[in-house]
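Got some structures for you, see below.
Next, two complexes with chain A in common: one pairs it with chain B, the other with chain C.
Now for the complex of A and B:
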């Protein structure tokens, strides 16, 4: 009989340690089956959360070999195949407070979520008595974001959150804000949008981990791009993020390439750059990473690049 | 001692609606106690929709037609005054949910979209693709956040304390630190969900649907009404019992036996696959019994074919269903039919609600709403789309009822509460220190097998008598059950131990109610009494628990507009 070695990070409220279990492999099972089998057949003290077992309640997300998965709908065979191993290591989701073994606490996250007013602020055209009218197309705008089951996978995968728990919002919180910003029934989208901007919206690292692991395949990074545009459309241009984006936009439009020397100055201003980036820049010059005297020339196909800009403008309007 | 005006037990659709309405525009101190984080609640699993006669898709629809369909669907066991109250209030409820931000699918006019559902004479099921319960649950949670509703998450109800027929409070465990608390309250709303887990793995229910609130009420002296009526959903996935929405049939799916026949022609020639759930479940099991299914024994199944709907319709209307079939059965239903078999889905019976307008029970101060109780609007068989409707509608009225109770009543005494909490502390200690005994999971699994085989879709006297005897043996064995975790904090083994005790208690009542109902009605189908017997059994079962003994009584059904007639589809 083929055996799997399953290492699980245990935590009793004070101490944490890894515990090893040997489990006979079975074909066609899920990760939740594996955890349940260990608990019911070997160790009733092992704790994890699960409920619906069909990917709608969001209870059972865990880390396996360094990535977050929803246990109930993840085929065991897929994980073994992906990591090419019979050894699995389970840990609780990252970026959450752990209460015991694989069990995490959600209340602080919900407290944080209230920053974006995660509820409808009803528009004037609706009422409790007759509800709202909303077109099919407008409903489609909120169909994907309301798939979110608050499983926490995106937050566990988020690399910005790993270093910026207090400042940055969990992708599922951004999703919740987005969901009401684009909901035509909401009467005050800016009340959801402003707090998003104020909480480091521009610090998303574009690592795409949230969107590639989301069990509901919600287009989280597209939403972040939308939220950024929406803040600029609202006139929020005087911030690092917007200025950084404009630097990219303008450089590429003018020359077809980026002027990296000027980028920090355009983003942070001359004074701020001088104060914070000069020593770093000098080290880079020394190592031959940048040449401050090099001013990029216009590329040869610049007309084609500008056509792309025109096309993008057209599509947008 | 913790003290609240109103405590709501359970944070699904009913519990959160109750909390919202109990705390609206007043200064009452309301808390919601839930053994899981609110958005994990089983309301989220409801897929297909929520019934309300909006008349958008079919202008001839009306609350009266919804009323008549529900009564007929219930096989005339529903209380008609309660059903009328419910169906006439549902259209307003949909508007209220819309106003709370529930993302409903829309029709071409921008109104809430409606689809046909089993047992309904008009297309009146409002929906959000195939995740209706999920979006309602989340919208209600958002409303609770907005209104600063106090949650006690991962708290587990152990028992209700009643003195002289009046509610005084409850005892609950904070799972995270293992502390057992007496909680004083003026009123309580039990909204803890159904108890489909008496069939353990052959159910569409979440792993925690163990009827804790129902069992606590039963223990506190409130009878269980009609516990024998268990709905088996026709389209559970064959291997796991996971639910595929009724919307599959609503959208036009075919049920096929191994001869390639659409066999529903034999059982419901007019409605075909859109017959009500009990009828379709029995039809599938009959096909299997008579050798026209696929596979053998516990692994038998028939097929559901959606291919003719086409990829576009499947992706638009049934995206979650397609994912479920892919993940749990390995079948892409755009390309192949999917193996299905009935799976325990819903418990029509439960805590005896004696006044539908306030959802109060015979014990002053205790209210109940949703699947944990029986109002009864579902009678012997619930119609699809009526459960989410039930939880939000009666959740609201239970909240209002509990608010009135709390304003009328004062806090009771604390002696019995303290005693009860101490008794649980002792029990917790005993179970933690126990090092040997019968495996609690083995008790649970044997209970499920017994219930599925002998108190399942088809029932007979001798088999049920056998089941009752087995359940009694298991209750004996449970006294020596071993949980296996000595820790104080987050001891889920102890929680499971109490849950298994609860399903044992409830399963015994299911078997007893079923054994004594010598007729076939709705979901209760007896081989030895194949027809409905209105003369003797047009009445509600009420089972009381007096210590270890169960006592059975019957109560009349309220009939207003619709006299019982043969139920044909």
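Now for the complex of A and C:
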């Protein structure tokens, strides 16, 4: 009989250690089956959470061999095939406090979520008498974000959260803010959007982990792009993120390509650049990586590129 | 055998990562790969322009791809992860959504171009495996990189999101290991192999990204790597040019040379470090390479 070696990170409230289990391999099972089998047949003290077994309750997400998975809807065979191994290492989700073994604490995350006012702030178009009606098209706007089951996979994989848990919002919180901002029944989208901006919206690294691992395939990174656009539409342009994005946008319009030498100045301003980036600039110049005298020429076809900018403006309006 | 590709260099290859332009051309020549640089390519938007205008971001990349289509080639080749992602994202959106494609083409028509969807967007790493073939690559190796311990740092945008990139399993890719081993190098296992370099937020998240850079250098160092090799010039720039800034946040010595994938290939093809412009890096990679290799 083929055996799997399963190492699980245990935590008893004080000490943490890895415990090894040998489990007979069975074809066509799920990750949750594996955890349940260990608990039922080998170790009743093993703690993990699960309930619905149908990717609805969101309670069974864990880390396996370095990635986050929802245990109930992940085929064991897929995981073994991915890592080309019969050795699996289970750990609790990253970027969460751990209570015991694979069980994590959700309360601080829910508390943090209240920052974005995760509820509808009713607009004036509806009332108790006539209700708050939506067209099907309006409803479709919130269809994807309401698929979120709060499993925590996105937060576990988020590279910004890994180094900035206090300042940054979990992708599922950004998703929640997005869900109310685009809801046509909501009358005060800026009340959800402002806290998003104030909690390091521009620090998203664009690493694509959240969108790549989400078990409900919610387009989280498109949402982050939307949230950034929405803050700029609200007039929030005087920040590093917006200035940096506009540096690219304007360089492509003017010349077709990025002017790397001017990028720090356009993003941070001359004073801040002089204060913080001089050692960097000097070492770049020394290695010939920046030539301050070199200005990119206009590309051939720049007039055509500008026509695309004009057309994009027409499409927007 | 001559493979011909339309070539999209991307902005960094014209200045900060000019050594990648130099080494890519040298390696392509040595392998008999013809690269035809697109005339009039624009910046791909570098994961920023869609934050201002998503449709514009798609349109400028539709133009880049349309330029390649007019060359009559089947593939557009890049050497930058983010350029690959931005071009492939635009392509996927248009190929999946006929209405969007038609709308983008209204704009392109004013620029005298049409996006048809006939050209595939690929990366040099994939082209080597898919088109050139590892066996053919091995035949070209004249200086096997025996004894050189490399840490393959993939960078996010060559594997994620998988529905756009899709060349290999994003949770456990092997393409870099396959190429490095074909060249005779030894691949070290290290925790940060699939980590994010943080480059795209290095301005608004400077403090966090410098911490990440330090961790990304320390992890392969502790695993015994001689150098990091990466298929992305943005990862290279973040890990190399910002390394002295990251060092200030760490007590331990984080020094780790960072080279581009074509530079690693070029060394195995017997091209000298100078010809591959390895001397252009902020953290000098040549001493570490010299210790292990008989360099040309």
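Throughout what follows, the second predicted complex is superposed on the first by the 289 of 317 C-alpha atoms of A that agree within 3 Å, B and C clash if a C-alpha of one lies under 4 Å from a C-alpha of the other, contacts with A are read in each partner's own complex, and residues count from 1 in each chain.
As a convention for this text, a residue touches a chain if its C-beta (ideal position, glycine included) is under 8 Å from a C-beta of that chain, and two chains touch if they have at least 3 such contacts.
Just so it is clear, the structure is predicted and the values come from calculations on it, not from any experiment.
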item: Which superposed partner A:225 touches (first chain B, second chain C, both, neither); value: second
item: Contacts of A:133 with chain B and chain C, given as first, second, both or neither; value: first
item: First (chain B), second (chain C), both or neither touched by A:287; value: second
item: Contacts of A:142 with chain B and chain C, given as first, second, both or neither; value: first
item: Touching partner for A:257 - first (chain B), second (chain C), both, neither; value: second
item: Which superposed partner A:207 touches (first chain B, second chain C, both, neither); value: second
item: Partner chain in contact with A:113 - chain B first, chain C second, else both or neither; value: first
item: Parts of chain C lying in touch with chain A, wherever the complex brings them together; value: 11-12, 14-18, 39-43, 45-56, 59-60, 63, 85, 103, 106-108, 110-113, 156-157, 160-162, 169-172, 194-196, 198, 200-201, 203-205, 208-209, 211-212, 241-242, 244-245, 280-282
item: Chain B to chain A touching residues, read off their complex; value: 36-37, 39-42, 44-45, 92, 94-101, 103-112, 128-129, 131, 134-135, 138-139, 142-143, 145-146, 151, 153, 176, 206-208, 240, 242-243, 320, 323-324, 327-328, 330, 441, 483-487, 489-490, 492-493, 496
item: Chain A residues within the chain C interface of the complex; value: 66-67, 82-84, 159-160, 163-164, 200, 202-209, 211-212, 221-222, 225, 228-229, 232, 239-241, 244-246, 248-249, 251-252, 256-258, 260-261, 264, 267-268, 279-280, 283-284, 287-291, 294, 296, 299-302, 304-305, 307-309, 311-312, 315-316
item: Contact footprint of chain B on chain A as seen in their complex; value: 12-13, 28, 40, 44-45, 47, 49-59, 73, 75, 99-101, 103, 106-107, 110, 113-114, 117-120, 122, 126-136, 138-139, 142-143, 146-150, 180, 183, 185-186
